[in-house]
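Encoded as structure tokens, here's the structure I'll be asking about.
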């Protein structure tokens, strides 16, 4: 960028004052074009980097080098404003940076290597030979490669490459903790369900910069697709001579099918035994913990200590974090 | 039976007056035992024949020959009474008739041969070669044999051997009629969905005198099981070299998965294209038409022209059938 | 229009590229005015012709001949743009065309004559003399004239003149098909309900270019208004000496009152006998089939094969139409 | 009765100790017959007098004079017992008292004359001539005669002859009080709605000892039937030359149609103007106040100060009545 | 203001024609800033005075004297326009009027003195000494001072200083009227509940020009806060030697806790005795009567006699007020 | 007991065959009396010991020594039968055993000492001085004494003395595990909420053999009562000079008020920060784990591997426990 202005991240821009001039390098996540009354072009952009997302408006007086396309990385110089309560940048100079790798501008899972290491450790943990062999069969090298780069959701939670890995590791960890608390739980079965529960998300989203459902994902859903993937793997194991227990197959598939917990959330059956129920609870806990953490960092709220109303969750979130210090200030 | 009393059907007994002595031959559908205050045996029986079901009480003063077991056929002589608004027989003489075939005492589908003929005609109807081959692959001789003797539900509708055949033929017929009304519907695809929609019920119920869910049926449900059976058949076809279209596979499986119409009724996805929606509507229509017809024949109601309140459907049913006659009596 | 630009329909404009200049003749369906910062006028228009609807913005630099009023026909030349994901025209030249008949720019029912012919045939079909006389009494020449030009709904389905006729013919056809499938249904009673079920819509909407509820329609609703219209006709028949059966009157009125199927959809009673239930199912089927067909033609969706999310139906629609061809391309 | 035992009311029997012998004269409200194991007759009776209802069992050792029929008055001597938490009488002697008037044994509205006097005063109150004439037209001498002897409901509240009168007077009184509090309310319109709101209940229940719905009542419901009765009266007034305002007709009918307050409670439209809303609130208030008062007098509860759980209202009721006295005992 | 234009109220502006130039003095209730394409400032303002609220847009060509801040009073000259169906002012001249008291521009309760007088009379009404002493204890001079200036809600109803007083007086009045209608109600207890039911709203909203929830209000809610305030006052009374009845304490607190009527509206318990129920009904009645009155005065609706659809109440409102006059015009 | 029959526990009796004679010592948990047709006494009893509950019927031919009262311990000899699918004992000999301690016949929490030890360790764990002091203040010696002997619920889960202790220890343990998984959680705050969340149950149930709600518990509920107990303790701490942070007080009370997770389950507010949410999830998890474990031990189910349908949870439970063994038998 020709401006020698310091480049800011989305997060830093959000923390800046209105009216200030800022610069940064971002990925175009979404683009809407419209014609102005003078017949010239304008665009509304959704920009992002690894620290977050922000809106931008591009009027015809913006100096534009290159073509604005979804998935392109741009350098931008502009002013911070506010529209309908949301911060946005009014662009003055934009330059498309073809040489930049868009993936570097996606929110990235932190500590992927550590997560992979924990995941691999979980894979080796079951002592039950049937469960152990099933997990090995499912997580082939190819599947793992996809698995490590898939988001856990299109919106709401862990919606970035590696999010599925991160979410799966957290759910598995929470399930093992529950098995510590309740010795009557079958530890291997529960872990198996945790590792496999969102498996089919590798096929539910299209390969692309931002997660998009596949046709298969929309017509069948990852819940049923996952159950069928398990069937496929068990068929393979049996064709190799393994006498995989029939009831165990049904129980593992039941855990996948029931992990949304209730019919209205898309599970065709509800959890009928404790391991299926614990898996549902922990899946739900980790998804919502992600939301709470994201909300606490969200500074858009117009009321002190509260986020704006979130219509999906039908609530505001309280962002104040109480922490004892020797000189804690009372209010 | 030693009594030379005329043998009545359940339907005839229900039409008899209270206090009257009756005799008949019935299947024991259910049995509950209890000890009386004098330490002697008594039983509550649910008896049935092809015309319906009725309760019976067996006190210790009943002359009993043989052992009362579920699935046994008995001859019974007793008095008609009424307990809590439901007709019941107080048994005086019971003789277990080991030589009788219990299946003859189950409600039977009417005109099975005609239904099979219509069903076979439907199987041959699709002109689309992929759909035609899939249907042939699925409905092997073995599957058809099971299919023709499976009930369509445990309770509520078509809950007798052959009920699945009857329901499937009706739904297929209604779907073809809808395709006549709406030429934009893909007739072959719709028929395919109709013929396959409840397929997995052949594995959802146990082989037995009265329909019982299998463990698999309860843990997975016939909706998901059916989708997986389609997968299996398509895999077979592909392994034989058929280039089965990928989207067609997803659409057929979507029709099975969505045929309950909404998440709260156990479909993990809702109908997203018109053939899936029509299948859902016609499945629902035929199931409820069965209920209406059964209710209209139900004479237990204490109010003229109305059945008793049915808590499952949360309504009474109006049983009066208006029919024009030259001398129709006005009320 | 002074431009010799080829005139496009709404449908053709929607298929054009953004930024292109287009021209057409349309009806003003809705108009919102606002003042710009320079104190000059601007308007947001909703334009329509028989092929669909589209938004337009009119800035002060637009050459405007005539006065923009709802219900007026205009010629327009402008550029295609996109605002918030919806296509819109930025107007350059607008000329009000006073001599044009607005009704020609409303979406028209196709094949009105054929529909009227089928409708008249249905009217003559019942053999039951009471039902036959009631239908003749209700569908006086005046009512039929209104009936043939009324929409079936304000939004959602068949929302154009003649839509009520089209919907009624389809529902009647579907009901007759159901009577073929279920011989126990009273064919005449069912057909009677189908022909009368939405009758009061002739008084629920105001006479005008676009359907607007009347005060009566909003305070009472077409369901109750229809039942009262039946009462009125039967009173007339009785005053002429016809001994119209009391229960038949109640049953026909019950069919009208219950045809929305459940209390939460505005029926004060739910269907209590099979003809009432079949009418409800077929009414619902035809309304939703209209929606499916409209959605399949809707090309606004940003995802391949899927429409945008429809918040009224709480779903996306799958628009891909599978059709076998010898050289069907697999994906 | 041949026993010189003091005759007790239902209320007095409920207050007696278990195991005690009691006598009384009651109406048979309901009867269920069953055959005992010895082939002799037994009956379960629901008995009532003006103070309440109680169950009775009649074994074959009971001395019975006359025939047990619904609607008959009997003298009974027996022992108080308890079955499944409900008090019941085990009959020793029963004598059918053919000469007794069953109506004297129905719960009676208190102070009917005073209620009629208040009701007649309300009828004369409106100053608006249209409203006044409508009320006079509707409440003909015949209708009033029926109106004064109709229950307001089959169960739940005011379910005895005169209950409709009592409920209507209370609702009218509450509405007038609301008009005092909110001067912007149209007092005459509100009173009109209150007096007419449940009018059609005179035709919703069959003439009989205990309220039974008519076929018309079940197929159409009193809400729609009432609206149609208003139409009929206004048609009469107009045929006599009165220029009854069209909008006023719709508003009065809207008040009847909407008085259940929401679709799920059977109103096809919801209250759209304040008088309709106030009527709904006061109707609901009076119905529930009846329930509260009945519950407070219900002494069946096994927990001190609380009734048993009522599954219709999904709650227990707190029956303790706090009242200040100089020596109020604290707990 | 330098313009000698007549100053209009919000209500008068709403009644003016589009395109007209207007002037007035208003309070800034809310402000959103955005950057225009030319890099200059623009603002969207929500302005208000005692007669209502209106939007304004401020472009960079507006002559602005002073700084636009929430809570500031401004003089404004501009043109009336319409954006998305809502009236708005396009500002030409704005002058911040630092000397004006913002409170004078808030909607004011009418007749505050009369309301206070009625309120004080209610406080003295109870004859029960415990209830009387509790009310005196709670309504200290300080609390009353706050109470008289608190709104009854953030939105929806009585959302202005003094609204809580007005609402409380109305609810108390309605409760006393109910006690007249139902002599079995404990008049003092009911009045006590009415006076105290929304007490904690004095701490639920922040001191400010427009009502804002406090952190305590959001984390605990006024329902629980009110119950705790009662506890506190009773503890005080007991520490002074008063033997406050235990059950009376629980009943008063129950009335506060249950006054929203059902769990889904935030009451942790539902009304279990009649006074609690009546309080809930009257609270609800007064809140909705406020809405009806506001809606009837709302002239934004595009359909004659109907407001626009209100998504909170999920309905339109009928604004026509029927009133008999000798020459009432029929429609 | 005069019979030298071996005494069986409830669990052993349930495992016995129908018709067999059994003997045992049990507590009378509930008693219903009724009069037989011969005027003699009979009773239905609910009996229990530490292993479970069972029904018994006592006819007049039973030899009875002593008086049957709730809370009495009896020796009983009788025959095992079955009524409506539930096992019951028909009593032949009953002797009231006045010298027995009823508490020994209540289900007891296992390992109370170990639980108390863990609980005491949790009490000492918080490092935050405010939280630590609050916990010490709340859990006085007296409160702890009650706390260790209170059930956690009247029905559903942990419904026996010590159940509250057991449930609290489990929830605290699960919360600490969650704090391990999510370092951003405030460990001390979360533990504080876990230890206090059901505190008020010590006052919600009456002292007695079986848990009964107090009047206070029903009118206010343990959720609000607990919040008020915290207020009381913090007031005490402040009166001793501790500067307890205001926001911390609100957050702890919010955790108590919101721990049921949603309004429809009786929380007046929903969890607004992560610690409140985790507490809700873990409370729910432990309650349902109790149910799953109880259901798995329930052998009443008529279908292999499934319990009977539970209408409270609206499901059956799958009781098969998969466990790998070298010679696992496949089915």
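The first chain written gets the first letter, and so on, giving A, B, C, D, E and F; residue counts start at 1 in each chain.
Heads up, the rule we're going with is that contacts are C-beta pairs under 8 Å (C-beta built on N, C-alpha and C of every residue); 3 or more make two chains touch, one makes a residue touch a chain.
These numbers were taken from a predicted model, which means no experiment stands behind them.
Asker: Which chains lie in contact with each of chain C and chain D?
Answerer: The common neighbours are B, E.
Asker: Going by more than half of the contact pairs matching by residue number, which of A-E, C-D or A-F reproduces the interface of B-F?
Answerer: A-E
Asker: Consider the two chain pairs A-B and D-E; indicate the one with the greater count of contacting C-beta pairs.
Answerer: Spelling it out, more C-beta pairs touch across D-E than across the other pair.
Asker: Is it true that over half of the residue numbers where chain A touches chain F are used by both copies, so same, or is it different?
Answerer: Same: when the shared numbers are divided by all numbers used, the fraction is over half.
Asker: Can you check how far apart chain B and chain E are, centre to centre, with Cα atoms defining each centre and the answer in Å?
Answerer: Going by mean C-alpha positions, chain B sits 59 Å from chain E.
Asker: Measuring centre to centre with CA averages, how many angstrom lie between chain D and chain F?
Answerer: 42
Asker: Which positions in chain D touch two or more other chains at once?
Answerer: In chain D, 215, 218-219, 247, 251, 254, 272, 316, 318, 320 touch at least two other chains.
Asker: Check the chains against each other and report every pair that touches.
Answerer: Pairs flagged as touching, ordered by label: A-B, A-C, A-E, A-F, B-C, B-D, B-F, C-D, C-E, D-E, D-F, E-F.
Asker: Contact residues on chain A for chain F in the complex?
Answerer: 127-131, 170, 173-174, 177-178, 180-182, 184, 186, 188-189, 243, 245-248, 251, 254, 270, 272-274, 277-278, 281, 284-285, 288-289, 292-293, 296, 315-324, 328, 330-331
Asker: Spell out the residues on chain A that touch chain C in their complex, using ranges where they run on.
Answerer: Touching chain C from chain A are residues 32-39, 41, 212-213, 215, 218-219.
Asker: Touching residues of chain C toward chain D in the complex: what are they?
Answerer: Residue positions touching the partner: 215-216, 218-221, 223-224, 227-228, 231, 247, 250-251, 253-254, 257, 263-269, 272.
Asker: Could you please specify the touching residues of chain B with respect to chain D in the complex?
Answerer: Listed in rising order, the residues of chain B that touch chain D are 18-19, 42, 57, 59-61, 79-85, 88, 90, 92, 303-306, 316, 318, 320.
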